[in-house]
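Both complexes below contain chain A, partnered by chain B and then by chain C.
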Partner chain A sequence: MKILVCVKQVPDMESRFQVQAGGTAIEEADLAFRVNEYDEFAIEEAVRLKEKLGEGSELTVLSLGPQRVAEAIKKALAMGCDQGIHILDTASRDPYQVASLIYQAVKDQDFEVIFTGMQSQDLGYAQTGLLLAELLGIEAVTTVVSFCQEGDGFLVQRELEGGQRMNLKLQAPALFTCQLGLNQPRYPTLPNIMKAKKKKITQLEAASLAPPAARSQTTSLRPPAKKGQAKFLEGDLGAMADQLVAELKAKSLI
Partner chain B sequence: MEATREIYWNIGTEALTTLYLLTALAIAVFIWGMAAQVKTLKLGRPLKRDDQFWKRLAYALSQSLAQSRVRSKRTVGGLHSLFLWGFVVLFIGTTLIFIQADILAPLFGITFLKGSFYLFYSIALDLSGFIALIMILGLAARRYIATSLNLPKNPGDFWSLFLLFVILVTGFLIEGLRIAVTEVNQNPELARFSPLGLLVAKSFAGVDARALRGLHAQVWWVHMVLVMSWIASVPFTRLRHLVLIPLNAFCADLGPKGKLITLDLEDESQETFGAAEIQDLTWKDMLDAEACVQCKRCEDACPAWNTEKPLSPMKVIRQIKELAQEGPTAKLVAKIGAEALWACTTCRACQSGCPAEVEHVPKIIEMRRNLVLMEGQFSGDEVAQAMDQMEVNGNPLGAAPATRADWSEDAEELLVPLNEAEVVYFTGCYASFDARNQKVAKNLIQLAKAAGVKLAILGKGEKCCGEPARKMGNEYLYQALAAENIASLQAEGVKKVVTTCPHCFDTLSKQYPDLGLRIEVEHYASFLDKLVRAGKLKLNPQAESVAYHDSCYLGRYNDQYEAPRQLLAQAGAEVKEMRLRKKESFCCGGGGGRILAEENQGTRINQKRVRMAVETGAKVIASNCPFCLTMFEDGIKGADLEGKIIAQDLSEILVEALASRQPKEKQ
Partner chain C sequence: MVMKGSEFLVKEILPSEVFTPEDFSDEQKQIRDTTRDLVDNEILPQVEEIDSPNHQLVVEFLAKAGELGLLMMDPKEEDGGLGLDKSTVMLVAEEIAHTGSFSVAFAAHTGIGTLPLVYYGSQTLKDKYLEKIITGQWGAAFCLTEPNAGSDAMTVDTQATTEGDHYLLNGTKQFITNGGFAKLFTVFARLDKEHFTAFMVEKDFVGVSIGPEENKMGIKGSSTTQVIFDQVKVPKENLLGEIGKGHHIAFNVLNIGRIKLGAAVNGAAKEVLKTSVAYAKERKQFQHPISDFGAIQEKIADRTAQLFAAESLIYRITGDLDIALAEVPQDENYYKNYTKIIADYNGECAIAKVYCSEQLAAMVDEGLQIYGGYGFIKDYPAERFYRDERINRLFEGTNEINRLLLPDAILKKSLKGELPLQSLAMKAFEGLVNPSFDLPEETLFAKEFQVVKNTKQIFLVLAGAAVQKFQMALAKEQEVLMAVADVAIYIYALESALLRAAKHYNQASDKRKKLLAALVKVSTFNNLEALAQAAKKGAFYIEEGDNLTLLLSGIRRYGKYDASGLLQAKRTLAQSVIEQGKYPL
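For the complex of A and B:
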């Protein structure tokens, strides 16, 4: 079985985000990058499937982005993927463009199972996986929290609102977007990290994959306006009570 | 008449052939037995421990004959030493007899056991025997009667103590019988130099000399047979430590103290990392396990054991010994338990107090390395997350690396640009990001400024030193972080670094050289102490009573006990010493990467330590380490001691002494 997992490298959400001059992109210099958390669930599930199937199955990890993205691919390789595809791209893309580029890169490779994260931590469109399935003309299941392969098909569970679950049965080829709770991603062992350094990463230039025009544009980016603030009172109990009363009076709340 | 006695009196030289045969047999069994005891050494990996012969020999002698570590535990250690020295004198005495009676006298006609030397010889041996006898009874009482001490008991150990006891008793009997026949009446002046023997002799007063001679000959043979069986039994009882501990001390780690082996992660011939099986440990680990006498000092000192965690350093060593009997592929973690391994704070209290020179901590780290590097296991999810944060953000707290220098934003005038700096302050993660510890960072730059030192920080160029990851077994992450720090320090041409964290200090000064960084590194206690001594940093004494806590990594790992105390004295603080201090200091619970882990078994180490500080009556528990400070802040809250004591860093006390000085200078 040929398995594909698509991952995105995202800034750590604790990073200090600063908007670039021009106001449509984030300054990258101060960011620390990591593999999108949902994509780690996707990698783990893909590796588990490959391990279950054993001989004859092949797991490819794909990512799109500038040179730094190679780190995310290496992490997936260390977790157990067999080979990587890196679509080198420095432009900022909307989900349709990203899905189209991935489609161009993989359309002739007959992947039977594709895993992606449910959404990215940074932009949270939750579209790339679905658009890719649409372009490939295969089934897609979102927010997967349980996955089981049986013969040619899969038994999966989706997470719905309010703690509800939904069981589905479907045949390959199919794409699954992975949700928190699906699994606990493994910590790569040292021998696997070392082996990963020798695994093949195919680089493709985004320009050579004929990216379509974007269907949406970022018009402006800015930090949210400051709305109120918290104030910590210090000192002994009596003094704090007095301060509190004074504050409330000053704000005409009492 | 010159004082002496007839050697082999009443026995005759014809008995010597039998004696020699017995001796040869005993020595043969002894050698065969010792060889069998140490055959597990072959299971271990190689390790170089035979360099610097004379230094090693001197150290082995200091630990064996001079008993320096044994005696560090005063009462019982002192008794043990007297026990040993009693037997050493008896051994020397017997050897002198052998030299005179079997070599010098028959071959050259030389005798030296005579005159005043004989008098000294006689009384020395008599008293040594008496001391040894008393000590045997005392040590046996401690092990078998004082059950509250809970010392391990086993039949072999009892046998060797009992045998020694009978040997001493029969020795006195022989001496007494001889004196009764040859000295009591004939030479009472001489008999006075064997007071114990004389006492025994007097109890035979009035008995016929022939009967005494007959009895003497019989007891003499019993004594000799017992001595020979004791020698032959040494390898099979606890007393094998007579050989193994001096040997283990000879093979000791000569330092730097606590320097871990830096794994070659790129070595492709290496299929496994860390220790999973007996054969992954070194021969020295096997020797440690054989040399351990289960004296329980490590267990008594262990902060994990003392707070009901599933770790006993003594048990780990015993388990390694048992596994070694099973063979090279015996699985370590299955027997010892991952929980026990994760509980270690690497505080080194076990190791630094061990009279058998056992190295506990590196074994635990080797096993942790295997769990992390080969199995991807951690002590808990929170530790795995902290590792992930270190990997992505360069600090275990998950703070944005770009904000690493934010703590210094409102104090920029206290720092200079990197290219003008005399010293670089390697801030460390806690002082950079943790609100409580940021005060320590600010204090240090204020103190350095007051002393006129041009200090700079690396800012974004600094990452976690990697110490918590490494001690938790993640050598790969440690080396990755270290490589980035070393690149930053080298790119800036840094010559000297000061730290506020003893973990950073130990790592940069002692562990980074293996990865190519060789610069001067100092912890701020010694750094500021020197500035005070040079008159550059002036403090105005403030009255305060302080319980000073020796952090493990400044104290036991780096032997710096005086500089912080000097500084406290300069700041006018009255240092209230805790019962467990200096070499015996009790860890705060945050070492060994435990600062990243939940402590959810047993009682809390930090609370126990804070209570010890309260017992001194001090109002402040002061430390020199961000982990200690964090642990004590939590411990005071957790133990409900708010209002009774506060946790401070040494730097806070110094800054108070500085602040009070400045207005005076302005006047």
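For the complex of A and C:
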């Protein structure tokens, strides 16, 4: 079985973010980057599937972005992917462009299962995976919290609003977007990190994949205005509870 | 070009020629991240439990570290290890250091516990033990110290005698880290009353017993016990290295241990800084977070600048070592030549140990001060940091022993003709009588590069005067040696910080440039002040009359630094740490 996992490198969420001079992008100069957390669930699930299938299955990791995203690809290789595809791209893209570029890179490779994160931690569109499935003309299942392969099909569970779960059964080829709770991603071991050095990463230029025009544009980006400060209640438990009720009543919230 | 050991005192080097933390490869960063994940997600939540003390937990985490490959970094691939370079080993040590007691157990296991076998073990011994050690199945420990042999480690009372097909071992070892759970001990003893020799001893050999746990001030979760050998039969094949060459093993393993201790305390310092700054941002007095106050900011700035120098010097040493070690031919003499190179850098190893451990000492002290009265209360982390720090100035050779070792290493090299100290000292003296005043060029950090050059002149005249005055009796003049050592230590520190900043300045963002410039200014000023004080003290110890006047005027002239903008630099530095809530690099 040919498996693909798509990952994005995002800024470390503990960073202090600043908006670039143009007002439409984040200043990247001194940021540290890491693999999008949801994509780590995707990598882990893909690796587990590959390990379960054993001989004859092949797992490819793909990432799009500037030179630095090679680091994210290498992490996925160290976690157990067999090879990498790096679409070199320095432009900022909307989800449709990203999905189109990935589609161009993989459309002839007959991947039967594709994993992506549910969304990226930085931009949070939650669209790229779905758009890619649409372009490939394959099934897509979002917010996957449980995944099981059986024969040539899959049993999956999706997370719905209000903590509800939905069970699905479907056939390959299909794409799954992975949600928190799906699994506990492994730490790449040192021997695997060193072995991953020898795995192949194919580089493609985004320009050579004919990116379409963007369908949306960022018009401005700014930090949210500071709202009123949080209030800390003090005193013993009973007094704090009374105070809380009084506050909520005063604000007509109850 | 790689600098050989102690050559920094007599040579200039370009920024592009030093290795720095900014140069880590993707693999090195991944290894750091794996370590960080293990530490943050699994070990840190259990730090209190480990300190309770719970040695079983330490054993379990060692095994877990083993599963991830963290115990197999040093051995070569054909020995079942990963053969990673020293910079990577240091990077891991830094991350593990956040765990306090566990870090000490880890360092003892992977360093002094494992390296004797890796560097000196026969194939038979490696086949017998290495896999067990690098998977964490067996704990490892290093038994050098005895009740009557501490700093004077070569005077051990433990005796080995040849008895037919084995040796018989008798003696008591003191303060053995991991003693409570280790299964394999590297034990130093006198063989047949004469030859200082190392042996590998299994805990399960008949006659090995373990003393009670010491009740320690800090690192309470690490095991420290006596290990007692009573008529223990040791197979002949368990003699490690060569008869009578035990001191080579001890010294070389300790050399690496000293750099590693340096890396570890730097990692610990980052944790202390982070916690204290977080507290300073939270704690309000006089309607302000105390991080707004200049007195607090100055502490943050000074400590950060020293940490920057400490970190820079560690990776500068390992960068040099890694290049030199990579060139060692892979033949049957591999480890012989390898350990020769390590021995060549023994001066730098001592510098790393002393400078970095004293850096952490200042950090925990000021860190606790930032907590005010709460720092004195056990519920806050500053108290543990303060207790845990103290051991670092004691073990792996006390800081006194390391300071004494440094001038000794330098002078020996000079006597062997490996360092042109004498001719350069003569020139430096001439320079004192007929000073020339080159104006520094207008290049990046020109003033600071001039300071580095000048401080090397200070070293030459001071060490030169000491040798001339005391000759062979200099070894007995410890106060003078300590002063000379301090001058060398501060030179290496301020130069390493400067080289690192200069290496990356041009590619840095504007914000990062300001930060680097501030780090250079504060580091240069503080290290130079400390250096000048040591040099002055040394001058008074060595000389009198006209010679003293000349020496002092030289120190004064060479010790000049126009640090205009120092206050602004400290504020910039502190702001950056406060803004990011951590060490800002």
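In the analysis below, the second predicted complex is superposed on the first by the 229 of 254 C-alpha atoms of A that agree within 3 Å, B and C clash if a C-alpha of one lies under 4 Å from a C-alpha of the other, contacts with A are read in each partner's own complex, and residues count from 1 in each chain.
Simple rule for what comes next: contacts are C-beta pairs under 8 Å (C-beta built on N, C-alpha and C of every residue); 3 or more make two chains touch, one makes a residue touch a chain.
Everything numeric in this text was worked out from a predicted model, so none of it was measured.
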- Query: Do chain B and chain C fit side by side on chain A after the overlay, or clash?
  - Reply: clash
- Query: Can A:12 be said to touch chain B (first), chain C (second), both, or neither?
  - Reply: first
- Could you tell me if A:194 is touching chain B, chain C, both of them or neither one (first, second, both, neither)? both
- Query: So, A:225: does it touch chain B (first), chain C (second), both, or neither?
  - Reply: neither
- Once the structures are superposed on A, label A:74 by its partner contacts, choosing first (chain B), second (chain C), both or neither. second
- Message: So in the superposed three-chain picture, is A:21 touching just chain B, just chain C, both, or none of them (first/second/both/neither)?
- Response: neither
- Message: Tell me the contact category for A:237 with respect to chain B and chain C: first, second, both or neither.
- Response: neither
- Message: With both complexes overlaid on chain A, does A:33 touch chain B (first), chain C (second), both or neither?
- Response: first
- Message: Per the contact definition in the header, classify A:210: touching chain B only (first), chain C only (second), both, or neither.
- Response: neither
- Taking 5-13, 329-337, 383-391 or 419-427 from chain C, which overlaps chain B after aligning chain A? 383-391
- Set intersection of chain A contacts, chain C complex versus chain B complex: 16, 30, 34, 187-191, 193-194
- Query: What does chain A use to touch chain B in their complex?
  - Reply: 12, 14-16, 30-34, 186-191, 193-194
- Task: Write out the stretch or stretches of chain B touching chain A in their complex.
- Result: 265-266, 268, 271, 273, 372-378, 384, 387-388, 392-394, 398-403, 460, 475-476
- Task: Please name which positions on chain A make contact with chain C in the complex.
- Result: 16, 29-30, 34, 70-71, 74-75, 78, 187-194, 196-197
- Task: Could you please specify the touching residues of chain C with respect to chain A in the complex?
- Result: 26-27, 29-31, 33-34, 37-38, 67-70, 72-73, 82, 84, 509, 511-512, 579-580
